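Multiple structures follow.
Here come two complexes built around chain A, the first alongside chain B, the second alongside chain C.
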Partner chain A sequence: MNNIFSQIKRSKEMGILAILVVISIIISAFNSSFLTFGNLLDVVKSNIVLGIMSMGMLLVLLTGGIDVSIASVISAVTVIIGRFMVDYSSNIFLIFLVGVVAGSLMGLINGLLIAKLKIPPIVATLGTMSVIFGLVLYLTNGNWITGIPQNFIDFGRVTIGQFPVAGSDRIQGIPIQFLFLLFAIALTWFILKYTMIGRGIYAIGGNRDSAERIGMNSENITLFIYTYEGFLIGLAGVVHTSIMRQVDPNAFIGFEIQVIAAVVLGGASVLGGYGSVSGTIIGVSLFCIINNGLILMHIPTFWQKIVVGVVLITSISFDVIQKRMHDKKNIRVDIDESESSFKRLSVVQKSTSQA
Partner chain B sequence: MAQNMFLRMHNVSKTFPGVKALKNIDLEVEYGEIHALIGENGAGKSTLIKILSGVYQPDEGAEIIIDGVVQKTITPLDSLKRGIAVIYQDFSLFPNLSVAENIAMVSRVEKRKKIVNWRETNQIARSALAKLGLKIPLSKTLSELSVAKQQLVAIARALVNDAKLIVMDEPTSALSRGEVESLFSIIRNLKEQGISILFISHKLDELFAISDRFSILRDGKYVGTFGEDELDDDRLISLMVGRKIEYKIFEKRTLVDPIFEVRNLSKAGNFKDISFTLHRGEILGITGLVGAGRSELAQAIFGLNPSDSGELILEGKRLQVNAPEQAVQHGISYIPENRLTEGLILKKTMSDNICLTVLKQISSRHGLIEKEAQNKLVEKWIEEMHIRPNIPNMIASKLSGGNQQRVVLSKWLATDPKVLIVDEPTNGIDIGAKADIHQLLRDLSEQGMSIIVISSELPEILAIGDRVLVMRRGKIAAILDGKNLTQEEIMKEAL
Partner chain C sequence: MNKDIQKNTKQIGAPQKENRMRRLVKKVHLDTKELVLLQLLIGVFLLMSILSPGRFLSVYNLQSMAYQFPEFGIFALAMMVIVVTGGINLSITYSATLSSILGAVVLVALNNLGVQPLVTVVIGVLVIIISSIACGAVNGLIVAHIGITPMLATLGTMTLFEGIALNITKGGAISGFPDMFQWFGNSAILGIPVPLLIFVLVIIATYFILQRSSFGAKVYMIGCNPTATRFSGVNVKKVLFLLYIYSGILTGFAGIIMASRYNSAKESYGYTYLLQSVAAAVLGGTDISGGFGKVFGTVVSVLILQVISSGLNIFGVNRFITDVIMGMILIVVLTINFVNNRMEEKALLSKKVVTA
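Coming up: the complex of A and B.
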């Protein structure tokens, strides 16, 4: 326990956590309803999808990659499961299965383009983003899918526990969707910490050449990352539909920026190698609280976009500048500083050690 | 004798397309021996190591016996399994992972683990560090350690794999004196455990302090293996140098009209206290071992890698150079390594290539290129540099090699430099083309241009340098008169 604490203390996470606390205090000073159980529950509920997707993005960033197709993938997943449950079956298990399989397949395509064809991730995912968004529009004409089966709607309304809401007679429980977020966090944490693929992800992000030199298969790891990310997006798509009870094919346009910003804010380096599940949780929370705070403070919504951009650029700049300073510190030439002869010294040592 | 040998390499050659990098090399390393492998830059040391580690396959006819087993071929995995561990200069470690994980990672991958056992990871790391008698906190992130400690982690990692021969490539280049001493005591400790070390270094003092035997390569050939008591500095240097390459030796001039002066130029971690004067029409050769700070110095003068302190004075005027554009404006041009051989856009015409550096000069006020100005400029350079055939619209790829180089040089000369710095101008090209470049540089100097030639190849420096500046570990070791200079004299200063 002591060890965990000391690890957190010297890490980036602690700094972000401190910012999180400060901002929370500022917002609650402006609006007393911020730090209420009801509001926080709303914040969590409306950001479960962001949270699940941030776990996938974390893996991608850790290897130095990026994925801008995630918004199109989740749009496609919601459209596919929307049509599936309206036209074919309202079996909850099947709906989940279709969602995660569809998401995984789209992720696999990204992975193949990046790992096998060696297309830079930003270009590959830009391409798939355009293709998938195009297909979504073709299939839906931009129309919403409504008429979601009642049992799926009921499933989405399930809550756990009962908590009184301060200042009203309402009683609220924790939404079932929250469990899926916990599942995604736990699974990602386990993969990163306890599987060789997870450690390989860090190794590749730290030094790809070395990783390949000792026999790690960076192609397979890359395939895994994007497929796993697709899997989580599939999950997020089902969770999202269960909250919204309808499918808007345009709901996610621009969402990739938010996910990337939240993960980067949590200390993940766009240069690869650095980032953690705990940091990402803190980063996502901070990101959500800033957004929520802006709403509570009645600041016009276009400011949110500006804030997202500023957050993204500031965190990345911080990262890049830090790396540059670190590189500068690395000495390139060993300057002969001392004029005293090393030779005499060590020869003397050698002869004494022989004698 | 043969039973004592952990490694026997016999008749090892390696041919790359067009170049014979190694010719019939022999190398034998005993069990528990510290063996130095030495040679000039480009003598073939790294190629030999890459064959040993399975990165390259040797030509037919090589015999390699490791630990008594004849190896027909070596893959990187074979090499590891037979107990050979190469510690490259970059250590091949993971800066973002903990010490323990760095040490245990190779064995994890080798055992094809799927799930990570952290307790085992820590145990592996602890016992490897114990073998070295070291205490490094296992949970520390590698990038937080000093370079010296990182190197020890790399050595510990090699021990996990039961290394019997550890190859260390320039292991002391980033270490302080004290750190070198503690590295040496660790190496001696390993030797006592029967582990052999193949030690590659340019620092003779260190080599003599630690090595039992020396194997010397020169020009891709095996010179011989000598016991520590058979050698001294002078003997060693004379065995290392003496590449027999016949260049035309230009007559050395003594020039007196100073044009460019570098005063006390320093940059932390790059070079220190560099002062020299360049004269009008002079060719100054700058040489030294790779890593002595030569290119860093050139890049500082050109503003690519601005210095921390010191002055540049051109024709009596103090220059402010913080970016390449400023250097070019003042009349200093820098042609980086390989640019004389690779600096062409092959699909474009000779004319387009020549104009690249001076597009502003030949453009109208609105930024459009004026054809007439371009033609004039190109004709001038074709004339001056004797480019043949003299057809401006000829596609660059169709020119002969020598004429391509003239085009590249024209491109840089069009900026009208007073001082031209060329970095390794003849790296990797055949002897005829090298001689062409030497002649071109000499012609330019005859016309009054002052030229700094940076080169690792001593015969080249001797052929064209009026004076030779030798750098050693970031400082000027000596500035030598080019008349009657020998390779030995240069190497003595460089080592």
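Coming up: the complex of A and C.
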């Protein structure tokens, strides 16, 4: 029992979950409409894109990389599918195919630069960001694409199930876009948990050299994660367009920072090796609920950035300080053990004999 | 770790003859990498001059360039000093705009009260510098003393500074400074633009702090291996803390120039400089994982980027295509670096085989 308790206390996810619960209680104390099915559904719907993209970013951060080009990639994807469905075909399957292929290709370019040419991730994605975003703005001139085909709009309006909304006659269903979020989460979770690549991702993030020595092909894994991230961004691009029903090439400026912040809030380390799907879900939820709560609490939007910044800094600080105290405790154990030289000798002998 | 060891062994293993050459080059404090950059700058400059005769080399264009690049250059140096430690400072632009907004509030208030312009400007500039020091200190505190990874820490402070700045301006721009404040951004002494003079002072100061002082040596050591540096008796926390404050002060200078040039203060000014300054630092030979990088290289690469963007602007190239070309340059230069390193490694290997 004690063991389980200490394990829970030590796990990063629980800490963030506790913050999430506390913040939810505070918000619902101020505004009773926060904890309603309708509001929570709205929160989820408006953050599906963030959720899907955070799954890709999680894998990248797990290997110790970073991708600042995601905002430009999703802008490019939305513009490409926007033009595709306006000019060529409104077949939903084809639209998804084009979006996913376009995203994967751009991710593959990032992957090639990072894995094959050994360009540091932040610099490589900086370069592709400026190339892709420059091209998008040059080709669209910053203009919106409207006139999305009706069948795609209808597709975006599909809902699943019917739930009565408390306090009104309205009936609300779960938007179809939610399925794509679930798909992204399930796929990422499966990759991390049950595939060799997933093991490799954690291994590379922990220590690239040792991962290579035990036979992990770090180049291929790096290629895979950036392509997979591009794939998810392609998916997110289609989902975004189906929600918004128009394409704004400038809609995603600064979005990469939000995604990184949400994933990091969920306990992923930018140094690689740490992070989980469940933690990321909690982190993204925390990020969304703070933003939604500030609106419900009638706090001016200018405060949002401050609150997000403070929450980001304090939650990471808390994490780092906790880890340092844990390390200190370990060192004290070492000192206690070494107090009698005989004891220390026996420990050394034991460890060498074990090795 | 492994890379550091490789680099060190490479230096130790270099033949004696090369050492003499290197010493000679070192006398002018230039590396081969920096010589290449310098040649590149001259090449780009000549190319632009030949391709658009009379327009690129006109006094007007050179002068407008001299007013444009100092703020970018100062941002690049603020970024570079941190990148040398293996960190990154994402908060530079918002630290600059937050400081200039705080300064702007004071400037406007004093101006409306009818205080003497000179006194107003001096107090305003002091407020900007002090707030930029405070911004740097916040970064330093979080990175050095709490121990958060620089990227995350400055990501947080970036959002924080932006939020505070937005809260003060409510999304608009603050203007209404005394005319005298424009001196920092729009006037010249003996024909030399004041921003350029400030930039030169910043270059000299950064050069001496980073490359000519024991403090600078410690900074490079931290970039190579913070643990080893700590065990060799260096107060890593103190050095990092001071360095982030220095980076903050530089953003304050950039903030003064920007506020003066635009004659207003807004939280989004200079946002595009953030990633450009990383690019400039990296192009200038600064290793993103720390330990290597020089002031000279960063300054030259700032000049290269400025010459290219001004030149493309004169040719009438679309501004977005300029972004595309900048990104391409970054990727191509790093690819060339990678190929070069490979060749060097191969040459070293074959040499070893021959001697064996």
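Descriptive notes on the structure:
As a working rule, the second predicted complex is superposed on the first by the 295 of 355 C-alpha atoms of A that agree within 3 Å, B and C clash if a C-alpha of one lies under 4 Å from a C-alpha of the other, contacts with A are read in each partner's own complex, and residues count from 1 in each chain.
FYI, contacts are C-beta pairs under 8 Å (C-beta built on N, C-alpha and C of every residue); 3 or more make two chains touch, one makes a residue touch a chain.
As the structure is a computational prediction, the values presented were derived from the model and not from experiment.
By the touch criterion defined above, A:His326 lies against chain B but remains apart from chain C after alignment on the C-alpha atoms of chain A. Once the two complexes are overlaid on the shared chain, A:Val308 sits against chain C while remaining clear of chain B.
Once the two complexes are laid over each other on the shared chain, residue contacts for A:Asp209 go to chain B and to chain C alike.
By the touch criterion defined above, A:Leu112 reaches neither chain B nor chain C. Shared-chain residue A:Leu187: touches no atom of chain B or chain C.
Contacts of A:Ile122 after superposition: chain C is touched, whereas chain B is not reached. Once chain A of one complex is fitted onto chain A of the other, the partner contacts of A:Ile257 are limited to chain C, with no touch recorded for chain B. Judged by the touch definition given at the top, the superposed model places A:Met244 against neither chain B nor chain C. With the contact threshold set out at the top, residues 209 of chain A are in contact with chain B in one structure and with chain C in the other.
Contacts from chain B toward chain A in the complex involve residues 76-77, 90, 92-97, 101, 105-106, 108-110, 113-116, 139, 143, 147, 173-175, 177, 180-181, 184, 188, 204-206, 208-210, 268-272, 291-293, 296, 472-475. Contacts from chain C toward chain A in the complex involve residues 2, 88, 142, 146-149, 151-153, 155-164, 166-167, 170-171, 275, 278-279, 282, 288-289, 318, 320-328, 330-331, 334-335, 338. Chain A meets chain B in the complex at residues 3, 7, 193-196, 198-199, 202-203, 205-207, 209-211, 213-216, 273-274, 326, 330-336, 338, 341-343, 345-347, 349-350, 353. Those residues of chain A whose C-beta lies close enough to touch chain C in the complex are 66, 68, 113, 117-120, 122-124, 126-135, 137-138, 209, 257, 260-261, 264, 269-271, 300, 302-310, 312-313, 316-317, 320-321, 324.
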